[in-house]
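Chain lettering (A, B, C, D, E, F, G and H) follows the sequence in which the chains are written, and residue indices restart at 1 in each chain.
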Amino acid sequence: MKLWVNGQAIEAPEACSVSGLLTHLNIDGTVAVERNGELVRRADQASTRLSVKDRLEIVHFVGGG
Amino acid sequence: MKLWVNGQAIEAPEACSVSGLLTHLNIDGTVAVERNGELVRRADQASTRLSVKDRLEIVHFVGGG
Amino acid sequence: MKLWVNGQAIEAPEACSVSGLLTHLNIDGTVAVERNGELVRRADQASTRLSVKDRLEIVHFVGGG
Amino acid sequence: MKLWVNGQAIEAPEACSVSGLLTHLNIDGTVAVERNGELVRRADQASTRLSVKDRLEIVHFVGGG
Amino acid sequence: MEPLVLGQHQFGSRLLTGTGRFSSLKRTHEALAASGSELCTLAVRRIDLGQTETSALLKALPEGMHILPNTAGCMTAQEALRVARLAREALDTDLVKLEILADPMTLYPNNPETVRGAQMLIEDGFTVLPYCGDDPVVCRELAAIGCAAVMPLAAPIGSGLGVVNPHVLRLIIDQVSVPVIVDAGLGSPMDACQAMELGADAVLVNTAIAAADDPVAMAKAFGLAVEAGYLSFRAGRIPKKPYATASSPIDGVVEG
Amino acid sequence: MEPLVLGQHQFGSRLLTGTGRFSSLKRTHEALAASGSELCTLAVRRIDLGQTETSALLKALPEGMHILPNTAGCMTAQEALRVARLAREALDTDLVKLEILADPMTLYPNNPETVRGAQMLIEDGFTVLPYCGDDPVVCRELAAIGCAAVMPLAAPIGSGLGVVNPHVLRLIIDQVSVPVIVDAGLGSPMDACQAMELGADAVLVNTAIAAADDPVAMAKAFGLAVEAGYLSFRAGRIPKKPYATASSPIDGVVEG
Amino acid sequence: MEPLVLGQHQFGSRLLTGTGRFSSLKRTHEALAASGSELCTLAVRRIDLGQTETSALLKALPEGMHILPNTAGCMTAQEALRVARLAREALDTDLVKLEILADPMTLYPNNPETVRGAQMLIEDGFTVLPYCGDDPVVCRELAAIGCAAVMPLAAPIGSGLGVVNPHVLRLIIDQVSVPVIVDAGLGSPMDACQAMELGADAVLVNTAIAAADDPVAMAKAFGLAVEAGYLSFRAGRIPKKPYATASSPIDGVVEG
Amino acid sequence: MEPLVLGQHQFGSRLLTGTGRFSSLKRTHEALAASGSELCTLAVRRIDLGQTETSALLKALPEGMHILPNTAGCMTAQEALRVARLAREALDTDLVKLEILADPMTLYPNNPETVRGAQMLIEDGFTVLPYCGDDPVVCRELAAIGCAAVMPLAAPIGSGLGVVNPHVLRLIIDQVSVPVIVDAGLGSPMDACQAMELGADAVLVNTAIAAADDPVAMAKAFGLAVEAGYLSFRAGRIPKKPYATASSPIDGVVEG
């Protein structure tokens, strides 16, 4: 199914969870995820199913002052 | 009648106007007057009748930075 | 005759005076003259005769701080 | 005999040496001595005999910047 | 000097003067006259009942002096509006120096309340000159909402410390489209000259004149220094260099 | 302003000007006239043979300008004496700015050689104004041997850094009995104003005027700033305080 | 040194470090280790899809380093809240450096929006360290609403100008009850030492370390300078005096 | 840090300490130990006859401390030679801090007499460290005649003003081939750090430690600050810029 991740359109497995999406995208470091503007708690990443056209923000940490 | 002028209680002639009050108080320089929190325009000073217990503020100009 | 003026060799009329040299060189502004390391007073410029190989310094005034 | 030490007149044993004077004055720390304006080397303190009215400077070290 | 333009008003001098803390009205008059200033601030205060003469200061001002009433003493936008209206009614001027302080100890301006006050006074028709912190964001906002100038402080009021932060003052001057009038904290004519050399459009001086040993001479000195700084900024100063450069020619020196 | 007294000479302006580095004689004339200066420095140089006009600069000076020849380019007292005598003979003045530099890179004065030179020139009858380091001991010695003034540097020649060490300048002013003329390194009118506010008797400015984008306006600005600083020093400035003091009255504010 | 207390957290070092602008993760690691810092800032950014390693920086931090995520890039309180929540979820920390800038050119903080943001984050349970202007009124307000510290700027971010306004910084330190952490604009260890000698509780340094020629040596130097300034402020420095006082005894000098 | 090399001697610390003005020998010991200094100055004075203990200070110095006797109190080169010889004889060291002052009020060095004294002491076999003015010409001359270092002042002795003229100090450091030890006038660790960041090889501190409220903590702070400044100078600081530069990345911000 089609999702928007960080402003880009991608294809993901149907009905995958947030955790599934991270695995699908090969992301395994320390990240945080927003779905449609709402924070997804880490404890809920496995149980949160995604729907077509969900907008996701996946962030990590970079150097800053 | 009793009026409050600049926080002080004073006696003024019954039903005197703002202009009358200024004359009564021997004030004749450049001043401005508020009556019960409302500015009294200069043009209206002669016609504005005061009532008992009116609160008046009479200000002038002093040195300032 | 040959003279050294400001480090340059020049030809001047035989036995000319300092004044004569200045005229010869078309110099007529405010200047001062040294002859062989000695200041020539202005009053003495007309009477001071030059000799062959005299070293002269002729200075004027330029912008400075 | 009378000596001048650091500007003061004192009495010292006749013909005593510089070392003797230091002992006489109970001085045993790190000091240096001048006799009549001349430095007395430490090696020479024992052998240097003093004479009447010799002027001595005895210095030590104090706090300074 | 080009005239200083504040809203609909123009002034020949770029030195604004305060009238507080002088030892007498005579001194006030003489000092203001010596300064060449054409615009001076006044404070609005309750008449002391029984006082025979009111606003004697107004009569003591030099001829041709214009008046800039301030809102000193106000801690809120609402109070400032009230005081500004009283001043406008009495003096027939739309000019007002908006001054809303945060506390009586530091006398620092309350910037957010000053922005609110400026909006209220502008809507009410005033030509607003707000005293404010030396904060470029605040100054930009005050200009954007329609103030006729901004008046950032050089240093705390009355401190005489001069321009304690020339970097931020330059930044403000670069970023703000309306005139910048440096207010508060100037201690001597050199400070005023510096502010003008940084590109300020004018300065406002009170304590440094009024509390000087000789206010009249000091007022004249400030007037000269402001003009010097105005000219200097426009004349393009030389750059600063860590090493020396000769001013007399290097060649042509007399030789032996 | 009281006149500046240098030996037997008196001057109405306390701004001395240099004449080097101007782009034209016309500019020199205009700038010096605008400055109000009454005393300007010149350098002595060999005539370039074949040059048609000599000392054209002299004719370009504003009316009433007095001349202070310098010994720029000299590295020894003996050379300075020689150059000073040439200048005196040509110009009929006993005034001389004694300048003996230590090296062509820093253009720092050679203080011990300057003291020697000053002694020689004073014995030869000159009114000597020595350019020197900002060293109170050197300045005291120069005054003690009979110099008509001392001319400590503000900063390296032509650097435009301003008064880099106000503490020592004040110390010099406190300790020296003859006039102190701050020379070299001033960059803008504010710097001149500062030097005068520290108590200097005069300043000498060259590069900061001549190399400004608009030398004429800058010259006028320096003239004003020097007068401002002169007046300010004598008018007794307010002390600097770390905290604020109100300029408007605290009492009598309008109340609700 | 006593520990630095920020809300429920304590830190042995009073040097906070930034992690931006380093040339490599290896350099980041080495410099942070050399600095002795125990708390470093990070920024929150979108993952670049296709990027193999995420948050590699986290693994590069020295052991024992705590993390202070920032809200850099946010222009509103709402955005800052959102970014802070993302950081908290990922990092299990309630600490956040609140940074809301007014514009991308000056990088000045938007003070009113920062106050709003601080209120929202505090209500949401964060330990908030707000980057703010050097405005005592703003700093007092931020402390009053419950910020765990205030972080006034020394100078514009990355400028390296040092403490451009020591007077106002001292005023803030005097008036604010929570720790004052000087943030932004420090250029060298001397600047950090100055901030601490003024009484700051800590400093945050990024560009001055990361962009130095040798970031590791510079990081160590900042660590030493912060400790020096901390000790110095508490050790009670000598007053400044315009004149000299001998350090060696005046009496007892050898005589002829 | 590389060792500080003074003639044939090497020292691990770049902080030289003075021993005057401490309240007790115990304090002297503790402070010098805390400073990490390996070289301290002493003054030579007449013994007070009847005094039981002489040179008690020597026993109070921390282990490993080397001694630098000074010639404080001398007004001529001849006196300085005499005092230096006394010190050498007693202490078995060729090191001497040459100090010839011009007057008891300013405590400014007499530079020409210092040059003469340095020549005499060098000929007599001393390793000479002369205290001198911040004059590049004098410093170059002292280095040229064979001094092992030059010790220009930061400010008047005991004033605590710090480096009042950083421009000339940098000039001296650029031009002098021997070590530059900044002596006199430093007020706080920040000043020492600044001197080292300007490129000084070492600093000498007395009053700022001895007269601090807590000399031991202050001594430690100076030791740290000197090392910080040493490292910083070599680590290549960032340039100063009038405008801001972001330390967090500009791209990749979370979007709505």
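Note that contacts are C-beta pairs under 8 Å (C-beta built on N, C-alpha and C of every residue); 3 or more make two chains touch, one makes a residue touch a chain.
All of these numbers come straight from a predicted model, not from anything done at the bench.
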{"item": "Labels of chains that are neighbours to subunit F and to subunit G", "value": "E, H"}
{"item": "Shared interface partners, meaning chains that touch subunit D and subunit H", "value": "G"}
{"item": "Separation of subunit A from subunit C, taking each centre as the mean of its C-alpha atoms, in whole Å", "value": "95"}
{"item": "For subunit B paired with subunit G, centre-to-centre distance based on mean C-alpha positions, whole Å", "value": "56"}
{"item": "Whole-Å gap between the CA centroids of subunit A and subunit H", "value": "62"}
{"item": "Where subunit G and subunit H are represented by their mean Cα positions, the distance between them in whole Å", "value": "32"}
{"item": "Interface hub residues of subunit D, defined as touching at least two other chains", "value": "7, 34, 37, 57, 59, 62-65"}
{"item": "Multi-partner residues of subunit F (each touching 2 or more other chains)", "value": "18, 20-21, 43-46, 48, 70, 72, 82-83, 86, 106, 108, 156-158, 161, 167, 171, 206-207, 210, 242, 246-249, 252, 254"}
{"item": "Set of all touching chain pairs, with the criterion as stated earlier", "value": "A-G, A-H, B-E, B-F, C-E, C-F, D-G, D-H, E-F, E-G, E-H, F-G, F-H, G-H"}
{"item": "List of subunit F residues in touch with subunit C within their complex", "value": "18-22, 28, 41-49, 52-58, 67, 69-70, 72, 82-83, 85-87, 89-91, 157-158, 184, 204, 206-207, 210"}
{"item": "Of subunit F, residues touching subunit G in the complex", "value": "167, 170-171, 242"}
{"item": "Residues of subunit D defined as touching subunit G within the complex", "value": "7, 34, 37, 57, 59, 62-65"}
{"item": "Residue ranges of subunit F touching subunit E (in the complex, touch as defined)", "value": "18, 20-21, 43-46, 48, 70, 72-74, 79, 82-83, 86, 99, 104-108, 156-162, 187-190, 193-194, 197, 206-208, 210-215, 217-218, 220-225, 227-232, 234-254"}
{"item": "Contact set on subunit G toward subunit E in their complex", "value": "102-103, 106, 108-112, 115, 133, 135-138, 140, 155-156, 161, 164-168, 171, 175"}
